[in-house]
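Lettered A, B, C and D in written order, each chain numbered from 1.
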Amino acid sequence: MSITQAQAEAAIIAARQAAVSIGVPMNIAVYDDGANLKAFERMDGALLGSLDIAMNKARTAALFGFNTEALYDFSKPGGTSPGFEQSNGGLTVFAGGIPVRDHDGRLLGAVGISGGAVTQDFEVAEAAAAAARAA
Amino acid sequence: MSITQAQAEAAIIAARQAAVSIGVPMNIAVYDDGANLKAFERMDGALLGSLDIAMNKARTAALFGFNTEALYDFSKPGGTSPGFEQSNGGLTVFAGGIPVRDHDGRLLGAVGISGGAVTQDFEVAEAAAAAARAA
Amino acid sequence: MSITQAQAEAAIIAARQAAVSIGVPMNIAVYDDGANLKAFERMDGALLGSLDIAMNKARTAALFGFNTEALYDFSKPGGTSPGFEQSNGGLTVFAGGIPVRDHDGRLLGAVGISGGAVTQDFEVAEAAAAAARAA
Amino acid sequence: MSITQAQAEAAIIAARQAAVSIGVPMNIAVYDDGANLKAFERMDGALLGSLDIAMNKARTAALFGFNTEALYDFSKPGGTSPGFEQSNGGLTVFAGGIPVRDHDGRLLGAVGISGGAVTQDFEVAEAAAAAARAA
């Protein structure tokens, strides 16, 4: 099972609404369980440099099935896996990438958001992931 | 001026409808006038390998302001610019990428479609580009 | 649905047996439906340079759901899609990559074989794909 | 001398069994003494992002003939070789890659395991390396 078009569209719409409600235009990415792009939108005014970050957050969360910020524990100074974040062509290990699972816990894909402060990215990503799950 | 979120969304919706009407799920890409990704959707069942092609068609059309198939004339055997298609990290020079211009002819960006026969890709791209112009 | 470990192991075993029976050691690759590596074996004596080719044949067939040699029609001189084989970081468009589908026709992944003459690669790939389907 | 197909198959089987016994599906890679892929298996349910890590652990151990975690001493803050881990296109310097030597100490290749906690990866890699040596 992989994330569907309907779930991806629900994630994009929910992220867009959450971004508007906090007044921060965002880059919104959805990846499937094979770590391939499923859907994307760069809102008007969203930071161009955050395009790559949003995509890589979604890819990272899809590759490992964890929130991106959780992966920092592996690679941080004193962590178990120094240089972990350089695997897979370079991972993003701060908040804004969240996996999407089905009701049985199977990984379907992930969303990635970038364009604001990390806490804002995370908040919008939560809205997107919740909408994908519910769709 | 660059393609807007509203125009990109209109292109995606129109491409999706045209793809459904011919029964061929498509990869749909929209790039802006900076040749950067603006929006994307991989429909359920669309060929995974056409993801890269749809994006590169839109990028190619945005870079040069021509339909992708028109660029083949430069690079074909006997053309004026042998190897032209290898510039910019590799261009796509068959149909399915179409520039989007405003009413004064200024380039705003481009759409790129891949997933069917080249004639089908072109037909869906025309629907997407027309919808973007009208939005 | 994606190709399973049991199907991948069946493909490897069948390819190995077919390679032994014709006396040509082979590189044997299995990719899943997300175009990610699932299993691989380089038999003793297999050409080292064919490692990359076997993997790319399987990746190509998984990306498009066609036998690799069928894709040559798109990119050959006079074909509809000049330069098609340069998409996706470079495709392999000669025989030896065969998709694996389930009984409902859904793409599960693909096998790729390289190490002998193209006709030998194809013969071994057919044995591998048949074994994966039956597993 | 390089690791044989029989040794690689023994490593894969032993790693698979060790992974099952601890209940953690793994990515299992075997590289030869030329630092080229010899065999690979991604078990059902193994983390997709660990595919790259397993392969790079085996490649790293094959390149230097040391356990991957031993190489961290060179590159860690205060170590003799800052940036060492960025050589060779990027090395992996945490546990899970183990060289395989013959009875005279000659390097034959290496195994690399990823998919669990680093201690689990190491445990499974030890089982794989031991089986390769015994085969």
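Here is the rule we use: contacts are C-beta pairs under 8 Å (C-beta built on N, C-alpha and C of every residue); 3 or more make two chains touch, one makes a residue touch a chain.
Predicted model, so just to flag it, every value in this text is computed and none were measured.
Novice: Could you work out how far chain B has to rotate to sit on chain C, using CA atoms and steps of 5 degrees?
Specialist: 85
Novice: Counting in whole Å, what is the centre-to-centre distance of chain A and chain D, each centre being its mean C-alpha position?
Specialist: Each chain reduced to its C-alpha mean, chain A and chain D end up 30 Å apart.
Novice: Just the number, please: Cα centre separation of chain A and chain C in whole Å.
Specialist: 32
Novice: Centroid from C-alpha atoms only, then distance chain C to chain D, rounded to Å. What do you get?
Specialist: Once rounded, the distance between the two centres reads 26 Å.
Novice: Multi-chain contacts only, two chains or more: what residues does chain D have there?
Specialist: Residue numbers touching two or more other chains: 48.
Novice: Between the chains shown, work out who touches whom and classify the graph as line, ring, star, complete or other.
Specialist: Contact map by chain: other.
Novice: If we use the touch criterion from the header, which chain pairs count as touching?
Specialist: Pairs flagged as touching, ordered by label: A-B, A-C, A-D, B-C, C-D.
Novice: Sort out for me which residues of chain C touch chain D in the complex.
Specialist: 4-5, 8-9, 34, 36-44, 48, 51
Novice: So in the complex, which bits of chain B are touching chain C?
Specialist: Those residues of chain B that touch chain C are 47-50, 52-53, 56, 72, 75-77, 85, 90-94, 117-118.
Novice: In their shared complex, at which residues does chain C touch chain A?
Specialist: 1-2, 32-36
Novice: Tell me, which parts of chain A touch chain D in their complex?
Specialist: 33-35, 60, 62-65, 77, 80-84, 86-89, 91
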